Amino acid sequence: MANHLAFALFKNGSLSVSSINRFARNIEAEITSNRKAGAYHHIALSVGEMAAFTRPGNFVAIKVGGENSNMVLRRAFAIYRSVDLGNGNGQIELVVAPHGQGSSWVAARAVGERLNIIGPLGTAFGIPTEPVRALLVGGGYGSAPLFGLSEVLKARGCRVDMVLGASTAMKIYAPLEGKRSVNALTITTDDGSAGIAGKVSDVVPDLIDSNAIDIVYSCGPMGMLEAITKISVEKGVLHQASVEESMACGIGVCMTCVLPVKGEDGVIRMLRSCIDGPVMNGEDVIWDSKRSIPEGTWGK
Amino acid sequence: MSSFDFTTSLGSAQFANPIFTASGCAGSGKELSQFFPLENLGAVVTKSIMLKPRSGRATPRMAETPSGMLNSIGLQGPGIDIFLENDIPWLVSQGATTVVSIAGESVEDYAILARRLRAVPGISALEVNISCPNVENRGQVFACDPVTARAAVESVRRNIGGELPIIAKLSPDVTDIAHIAAEVVSAGADGVALINTVLGMVIDTNTLRPKLAGKTGGLSGPAIRPVAVRAIYQVRSRLPHVSILGMGGVASGRDALELILAGANAVSVGTANFGNPLATMMVKSELEQLLQDKGFNSLREASGYAHRPEGNYDH
Amino acid sequence: MSSFDFTTSLGSAQFANPIFTASGCAGSGKELSQFFPLENLGAVVTKSIMLKPRSGRATPRMAETPSGMLNSIGLQGPGIDIFLENDIPWLVSQGATTVVSIAGESVEDYAILARRLRAVPGISALEVNISCPNVENRGQVFACDPVTARAAVESVRRNIGGELPIIAKLSPDVTDIAHIAAEVVSAGADGVALINTVLGMVIDTNTLRPKLAGKTGGLSGPAIRPVAVRAIYQVRSRLPHVSILGMGGVASGRDALELILAGANAVSVGTANFGNPLATMMVKSELEQLLQDKGFNSLREASGYAHRPEGNYDH
Amino acid sequence: MANHLAFALFKNGSLSVSSINRFARNIEAEITSNRKAGAYHHIALSVGEMAAFTRPGNFVAIKVGGENSNMVLRRAFAIYRSVDLGNGNGQIELVVAPHGQGSSWVAARAVGERLNIIGPLGTAFGIPTEPVRALLVGGGYGSAPLFGLSEVLKARGCRVDMVLGASTAMKIYAPLEGKRSVNALTITTDDGSAGIAGKVSDVVPDLIDSNAIDIVYSCGPMGMLEAITKISVEKGVLHQASVEESMACGIGVCMTCVLPVKGEDGVIRMLRSCIDGPVMNGEDVIWDSKRSIPEGTWGK
């Protein structure tokens, strides 16, 4: 089962540059809504035809700080939802955590202002060609791309379970319409302020077993992705993870966002998470490689 | 209008316009080609290519800084063989004018790279990145010592033959950049590329350690533009007839004009591509307009114009 | 809270807190004293004073740059006589802890200045600005040559007597700043001040000439902070026990912390005063809070903390 | 007459640091109005007690670009009018020409936003202790501080004539209420689009003669101030000029804004225009000293 699925999965997750970012456009997108939701800002943008080309897992890169900005780099945000309204109109939605200078600036923008965005960027989650049982695991704002994924999976007849974890209730992003798109939602918080006290990785093994999961999709902090990879390898289920490395360009030209990934030929290469990712096969990624290049990496 | 001459040259190489990508800031070219046709550039300057495949440095590799950024990519790349097999033919197929940047860890590396490139068609010039650690000299950067800077350039000159112009790319992290420029030119360089990044560091105030895995990194972006303009001006003063490919913090036509007035014959755009994939195209059209607005008939007329004696107010 | 130790020292001089004004960025002290009491500073570092009155350079003397500025003031000042008669007594009357910065055009100048200051009461330390042109050596900047840098500092050391700590202020415009630091320390400096401005230039795209009358100028402000952090880190690595007065682009407590973690014992605030006359007071209170939030019991504990071996995550 | 007046003039124009900027405060001032007026923006700020301490000729230094700004220096603007509303309330008004990055940012601020300003700064125009006949000469936005000056002079019983010049009509700033404060207003424009075609210096000699002027006050481009100085020296009338040098700090700590000024002892010194100015005795200033230090300057 697993091998057969894996093949289908990469139909949307090709690694060849010529097909990636083919639909990326640089546009000025008007903010149509900006609501606070717990620790996050839910921001909707009018993006024209960009919405039609967006797949779950893609992200946008946003110019920050305005005209006289001292920030020279864009900021990456996963696309939470995209709505193609037809006739070249469309909307995308983001879930923004005010973290540092740039993301705080994005979160503070008012309705009617325009954001300079590039998108859709990066690989998308692979969609199985047959109805399978999927578990979606999100940490913090990592839940963002999972709701759109869930909708697509459901439309293909999949069963979709979801686990969302965060340090505290305020950092769980799970809007009503999102919840409706999954069959069952489990919540964990480190401080027990919502759902089960603990980490997502505490509940994932049981969920895989009890729901006979075929594939896990995950998005969240790197430590969480590593833990989920370990579990999915143990359980022998497929696992696609959306990774998050510090990005300078988001379009593949700077080589700052790399991480070591094992290829089909068994060779570890430093791949760009913006263009060969953010969605990658979890078991191919050499996790916990910050501050060192793994032994055996090509060109080390 | 239509009579404005935007062409330029570096050594014997001719370019349709003076706006290039900066080495290491345009991927393999393919990524940017999603946004505009590469043939519209004066030239694509490739990532510095080395003899062997290189994984580059560990992450984190970058930190944003006020009006700039630090990087420590560590010259990740596929090595000259794969580069010649894949990258060059692809660039040629796109009609891109191509400047190949090479980097070595020893004088011998530069020699071998030059020999490998000698007969390759479709290359307009070589940029010789000598801002790399010299493994034979305690990791001292070639460009930081006039003797090793000379040696690397001589080695390329001897092996490349007489055809391809050589542009030696210098580091600003030296006491006297005009002196280094004079040395590499006397060693056979047709021109110099000014400037590579400025050595910097950021400490992460959360982990309380250097932010980059490699500790130090190269500072680029608008923050360093005044350093680039100064270096270009100094070298142009010392070596009035040498070709200069300027770079450092250019993000608009106005910025490019500054480097050109200081003495650049062409201008590479680096970090600005990260914030704006169309940066080169914007710089190019703004620069062309500005030069005409100022009454210049050609780019060549403007190059080094800031050096004219006081009191001359033609423009 | 109340047990937190914010004191610091440079050589044998003690300071109540580590936030100083940077030389040349606080006028005579009087101007800032309209905004806060000078005694709240770790120290006032005076404008570099020379032997004779100096008109300084012609205007324009400044240009704003991305996240920074260029200046070419040219050490305008009243000369040591008037300085000793007016400035020092006034600073003493304000209860300001005072570090006197001196600058010379020859080794002899430094000697004379040191003798003039030797017995003056109310001075905590000397900052020896050696980023000045040496008229006896074709205008080459003292700090850019290990030999002349040594000579200037030795000259001060011999003439100042054993009491006043000497802090040699270095230029970043050198190939190996740690080497220069080692030289001036072996010549008798108790510490080094890092960094002076970075040499830069701006071309005015209206006049099509260098914007500053002096053509080149010194780049300061947040743009150069990564260069300052790198220089401090390098010197702290090479000379673990030398005192370091850090400066370069500090505009917040976070920025000051970066320099301290890299190895500074105290931090001067320069350009930030121009945008915010209360910058020093803000940096000071933010830094004190930050250090406590990070779990440090004293400033001294934090100085150089970024150098600890990997894997040690105490804080 | 002239010498006697000169003495009185400096009552408000002292050069001692301990009295200058004594009332300067750094505040966040709310914008209460921002109207376009020709080529300029007329901006009113609520400044509390700062208004009460403001004298004609003073200026404010404004932080520009917002929180993430790549601009590290303040921008100087003359105070056009200050209104002390009592009880610690007050308003100042500015006339802002969008020139480069910083002034354009100021001009684009909306009502309700706050500007970080320092003021009042610098020397004020000296006010004669007896009723004299004054000619106020302004170039471009240089008219700004002259209307407030005119009001003060009128209150002292002076006769006030005014000449305003600019390249073109759009650049003449002369609001109705301002015009009311002067006895007669002459306008010149280089292109003749308003008033007399020509420069202010073309009409000033005749006005001095025909109105028996005792003192000229001027504010505008340095070239204009130089021309007016030449005329006033020839005519033997007093002349106070508000100079404009490129400023980095505005408060006297950076030494970038200097210009050569002859002291009472005949010695030329490089004085700071922000703290020993902007108002200076026209005939003491060595004009046209850009890019060189005049021979004989102290310390050259």
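By letter and in written order, the chains are A, B, C and D; residue numbering begins at 1 in each of them.
Just so it is clear, a residue touches a chain if its C-beta (ideal position, glycine included) is under 8 Å from a C-beta of that chain, and two chains touch if they have at least 3 such contacts.
This one's a predicted model, so the numbers in the text were calculated from it and none came from an experiment.
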Sorted by label, the chains bordering both chain A and chain C are B, D
So, in whole Å, the Cα centroid of chain A is separated from that of chain D by 57
Chain-centre distance (mean CA atoms) for chain A and chain B, in whole Å, is 35
Separation of the C-alpha centres, chain B versus chain D, in whole Å, is 47
The positions of chain A in contact with two or more other chains are 70-71, 291
Each of the following residues of chain C touches two or more other chains, namely 66-68, 221-222, 310
Among line, ring, star, complete and other, the chain touch graph is complete
Within their complex, chain C touches chain A through residues 66-67, 222, 310
Chain B contacts chain C in the complex at 63, 65-68, 70, 144-145, 173-176, 198-203, 205, 208-210, 215-217, 219, 221-227, 229-230, 233, 249, 254, 257-258, 261-262, 290, 294, 305-306, 308, 310, 315
Contacts from chain C onto chain D in the complex sit at residues 24-28, 30-32, 34-35, 52-62, 64, 66-69, 71, 73, 76-79, 213, 221-222, 251, 271-278
Contacts from chain A onto chain D in the complex sit at residues 64-71, 101, 105
So, in the complex, the side of chain A touching chain B is made of residues 17-18, 21-22, 24, 26, 63, 70-74, 118, 245-246, 248-249, 251-259, 269-270, 275, 289-293, 297-300
